[in-house]
Amino acid sequence: AARSEGIVVFAAASLRNALDDIAAAWQRESGTKAAVSYAGSNVLARQIEAGAPADVFLSADLDWMDYAASKGLIDPASRTNLLGNALVLIAPKDEGADIALVPGVDLAAALKGGRLAMAGVEAVPAGRYGKAALQRLGAWEGVKDRIAQAENVRAALLFVARGEAPLGIVYRTDAASDPSVRVVATFPADAHPPILYPAALTRTARPEARAFLAFLGSPQARQAFERHGFSFRGKPVSGS
Amino acid sequence: MLNAWLSPEEWSAVALSLKVAATAVAASLVPGIAVAMLLARGRFPGRRALDAVVHLPLVLPPVAVGYLLLLTFGRRAPAGAFLAEHLGLVFSFRWTGAALACAVMGFPLLVRAVRLSIESVDRRLEKAGETLGAHPAWVFLLVTLPLITPGILAGAVLCFAKAMGEFGATITFVSNIPGETQTLPTAIYAFTQVPGGEGRALRLTLVSVAISVAALWASEWLARRVRRRLAAG
Amino acid sequence: MSLEVDIRHRLGAFVLDAHFRSEGRLTALFGRSGAGKTTLVNAIGGLVRPERGRIAVQGRVLLDTDKGIDVPVHRRRVGYVFQEGRLFPHLTVRQNLLFGRWFTPRRERRADFGRVVDLLGIGHLLGRRPGTLSGGEKQRVAIGRALLADPQILLMDEPLASLDDTRKAEIYPYIERLRDEGRVPIVLVSHSVPEIARLATAVVVLAEGRAVACGPAAEILRHPELFPEPGPAEAGALVETRVLRHEDSFDLTVLETRSGPLTVPRLDLPVGAPLRVRIRARDVILALERPQGLSALNVLPGRVEAMEGGEGPGLDVTLDCGGERLLARITRKSAAHLGLAPGREVHAIVKSVAFDSQVVTRTPRED
Amino acid sequence: MSLEVDIRHRLGAFVLDAHFRSEGRLTALFGRSGAGKTTLVNAIGGLVRPERGRIAVQGRVLLDTDKGIDVPVHRRRVGYVFQEGRLFPHLTVRQNLLFGRWFTPRRERRADFGRVVDLLGIGHLLGRRPGTLSGGEKQRVAIGRALLADPQILLMDEPLASLDDTRKAEIYPYIERLRDEGRVPIVLVSHSVPEIARLATAVVVLAEGRAVACGPAAEILRHPELFPEPGPAEAGALVETRVLRHEDSFDLTVLETRSGPLTVPRLDLPVGAPLRVRIRARDVILALERPQGLSALNVLPGRVEAMEGGEGPGLDVTLDCGGERLLARITRKSAAHLGLAPGREVHAIVKSVAFDSQVVTRTPRED
Amino acid sequence: MLNAWLSPEEWSAVALSLKVAATAVAASLVPGIAVAMLLARGRFPGRRALDAVVHLPLVLPPVAVGYLLLLTFGRRAPAGAFLAEHLGLVFSFRWTGAALACAVMGFPLLVRAVRLSIESVDRRLEKAGETLGAHPAWVFLLVTLPLITPGILAGAVLCFAKAMGEFGATITFVSNIPGETQTLPTAIYAFTQVPGGEGRALRLTLVSVAISVAALWASEWLARRVRRRLAAG
């Protein structure tokens, strides 16, 4: 059904809140249906590789977009870095003192024997960014054996929210919405590779998809993204 | 009232999950019984290998199963292309694929239950059927099958419940496309990935549980009826 | 009619090594518990595959390990009444009964459902399931199920063991009819000598897996040594007779034997009908003179042919009564008192009431 | 010894409504297939819980629905030989036999393993599992299992049905011993009149769920109407006797009865031992005069007391032989010929060999 | 040779998975049999609710189960705090938590298999045991339990296999700490998340499958032995 009547957007699961609003708005405006399939970026990339009927791909990091590009699955001309995000250190609501994330910071001490909750440090983008930042700050060696790796950044957030872990590293977008955690510090943007959400059309995109991609750069879309805590980075290119 | 409670998209996930689970159970029933029979009774060289293969979906992480399915039944994969061309049966990114994933994941559960039942059938009854002139195939239909009904029901409901909860293989194999492959569990997953989605995830979880429990109770009711008949005074 | 069995089969320490050929319409298998009767019947039915051997029914080879013949169970067309019931628990009594019918070619469906049901007295059970039946009810349904499959050989493993005498008496005539219609050979396992004497045309005696005796019933039953204690009481002679006349006023029938007339309770048979009568050795009294004023109606003159005694007080006297061989079992003391010896003329006295339905049966038609 | 049963229970269309009290050490339950024998035994054993009623064994109340008493099965201490075996398939024969022993208080362990095993002839089976046993072997193990539990009441549902006569003859004396030791009352379901006559001290006749007759064996067995065709042949009189002397040269024993001496095959009992002898009506010949030159050793003078005939050729003549009541079954024709009538003096003639082990048994000790 | 094939960290994941799966099976065996018995035989008010609860882990997405475990047995959750304080049993971020998650996920499979076996036991044999003086508890131990051994074996191996493959509930409940909670499936998962990790993921998957298949075959061999004994000649 989705295939014949509209377009299919493959988007990283963390974009859901904002993108649901935007897809609905676009649908109202254009009269074309946009079905959004949310899953992990890695899953989506592999599925596009396997011939999934996706028209637009929104990845949560550059690696999987690069992967798709390297396999010739996307239209390189349409690729833009649409959104940005920031990485924060969080603690349960009423716990822990603020920490200054300066080089040489002793996070291990702040853990007080507890664990540092992060998304998978090898696999999940948020985890990789976090590891890079900790390395840059010289804190990695001190905590690397104290890390509780969650399946994804939401699960890491949960560990802190439930008080299982005294500290955790998540996106600003996640931390902002959960009242049971508080932001202890924000990582300096230059401490880790830029946190970017690239967007692109797939090789097999239907014509309507181009309009959708353009709509992602519209003020309306920008508003929606920003409302959910993303920083808006750039207007997608609409011509090829 | 329920309409207000669930969004149209959520409704379509509920409907799709039901369709997928029912199809998965229906499609795996006959092969499941056949394989259970082979494993319980067969004496052929590949028996142990078949046994292992049947259990594989249980052992493998579901995501791995989904990935294997993608590699086998994807649009570009040989088996997928063959089926699409000759039978018009396309799995990739269709609800049929979700059903396939659920069927594969539920298969070991179905086979085990049926097989346990088969192994507890008194074979002397089957022999009695043969002396009455019934070919072993008829004996299977008229004697064995009715006697293992409780096991089939148990297996079917396990398979159904598994299908209602299966997430990893499904999302990996056919993604999470609303209206096409977004089942209840994948919808729930998507909600848990964003801030504030917990409430809706919980609602959908309750729906899913309610459906499975209803199926469970129905199957138990049926099984009890059957068993009461079989009870030796 | 013929049944040929020549098989060898090992089960743990037990070896069945049976070799016999029975021409009887109804072959009784007799033997102690564990002698191998069920195993033998299983081999005929195809439920046990003997290590080697040959089985043929009416010339139809069911098994021949040398030639690689092993007819599958469902094509053997045996009607098997199992020693332990084996009713289908999920089917009603009616469905159990009709199970075999489905697989019987239409033109071979002879057994009449209504008749069999009536005969076995299971009409009121048809809608029930086996789980709630009593022991005897199950057994009757099992018999009906085998009969209604219109088998080409009927295998009955102690079919009547848990039935009361009245029920048995109702079923016997039906088995006799089946036997005499001669369409299917019957193999009957039984521990009951009267039952065998009544029904069997041939007897195979099994002991520890071997067929130690095999032959026409009349012959085998004459051998007391084959029917161990307290069997001797059951030894006797089978006498072939014919209805001579009826004495309606006394409800008696007079039979013609080579040794003279025999008065028995009234039989519902036409004059001239052939009959088989078993005269138990223990029912015969010997007298030197024709006795007077005695309630026993049957006095057959004869001559002592042989006297055989072993341990114990008893003596088996074989008599020649006008060409008919009778057996009498008396005490050694009596024999001494009467001065019995081979060649001596005596009179054999038998009560009329001794001839109950257990010993008077229609003569099986033999081919 | 006492067994009181007063229960009502419905199973589908079948209603068991049995009310009786038996003082016998061994109470036989007799009745046609489906009469409710197993249901009744199940109620005593606690496997069926009657809707209402009361069951007491030796004054020990097992069930009293009015008082809310229902002793759980495992505390009833019944030794139950089931109609269908029910051996534990996962245990060896030895383990099956010893199962109950574990739960018997040590000081109540009386049954001797070796003796029971020998008696039942199952020594060679001890290491096997029930799956491979023959029908009769299973039944013997089941009997052994019940005996070795040292029960306080023994329930036997057709325990000997699938055993051969030799085996039965070996087991009977043991059951008699159990009965006469008098420690446990025994309830025995049986279709066999000789078996009941031999073993029972009391008989309960069930018909369609009702206890239609109940009383001492000697009394009940005298009623031919309770033992329907072909039972009449089994009707007879139970005569209490005593060993008078042995005639060793002829292997005979002479018994003392009120009606005179009775010569029977040699019994291995001391002089003076009490004995019960069943004289079957069909084994008795009547003579007007004391006969001469006859092989029958037993001639008892007596007087015709009553003559009862129904349909058919037979007539049941009740005799008073010196105070002992005997039953003779003769033809109406003979009665007419002999001019028999109540009051008439006659001689009852019975062969010695008629007294086989089925009819001569030690008198059960009654309390 | 194998040492070269798997890294020390991978080895520890293998060892941990074995420990977790064995513990999960061992710990759920007794409660599983008890619950199966209750469900098969019990007549009590909450029977159907218990039935539903037991099946829940099958129906729920594994991640949801992990989430529920966290809410129940987490450090700050009432049950978790209670157990930690009174029994010294801590689940959070420990291998014990992984075992708990696996046990919970495998529980419905274990219970089903055992229950099917219980329901096919001939209750007349149990009654016979009682007439021999055995209290129902003894009858259960001496008669019922030996007769359901094939079902227990089947249930145990299903539970074991499930434990070897369980990922979602484990990682959600106790995360993925190498040497502590990184079981084979979570390790595999981590590898599949990075481009190019397929090779190592596949290697670990093969190890996991090999272990489960070995367990499967062992259980079948045992079951066949038991069943041969029980076979009616």
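Each chain carries a letter (A, B, C, D and E) given by its place in the written order, and its residues are counted from 1.
Going forward, contacts are C-beta pairs under 8 Å (C-beta built on N, C-alpha and C of every residue); 3 or more make two chains touch, one makes a residue touch a chain.
Just so it is clear, the structure is predicted and the values come from calculations on it, not from any experiment.
Where touching is counted per the definition, the chains common to chain A and chain C are B.
Number of steps on the shortest path from chain D to chain E, with steps defined by chain touch: 1.
Of all chains, the one whose mean C-alpha position sits at the greatest distance from that of chain C is A.
Chain pair with the highest count of contacting C-beta pairs: C-D.
For the pair chain B and chain C, the distance between mean C-alpha positions equals 57 Å.
Averaging C-alpha coordinates per chain places the centre of chain A 35 Å away from that of chain E.
Remark: chain C and chain E have CA centroids separated by 61 Å (rounded to whole angstrom). Mean C-alpha position of chain A lies 91 Å from that of chain D. Residue numbers of chain C whose C-beta contacts span two or more other chains: 84, 132. For chain B, residues touching at least two other chains, in rising order: 63, 67, 124, 189, 192, 231-232. Multi-chain contact residues, meaning those touching two or more other chains, do not occur anywhere in chain A. Shown are all chain pairs that touch, namely A-B, A-E, B-C, B-E, C-D, D-E.
The part of chain E that touches chain A in the complex is made up of residues 63, 67, 70-71, 74-77, 92-93, 168, 171-172, 175-177, 189-195, 197. Taken in their complex, chain A has these residues touching chain B: 1-3, 8, 10, 13-17, 35-39, 43-44, 46-47, 50-54, 152, 154, 173-174, 176-178, 228.
Chain A makes touch with chain E in their complex at residues 40, 42, 63-64, 67, 115, 117, 120, 122-124, 147-151, 155, 158-159, 162-164.
Considering their complex, residues 45-47, 72-80, 82, 84, 86, 88-91, 99-100, 102-104, 129-133, 145-146, 149 of chain C touch chain B. Against chain E, in their complex, chain B makes its touches with residues 48, 51-52, 55-56, 58-64, 67, 108-109, 112-113, 115-117, 119-120, 122-124, 150-151, 154, 158, 161-162, 164-165, 167-168, 185, 188-189, 192, 201, 205, 208-209, 212-213, 216-217, 220, 227, 231-232.
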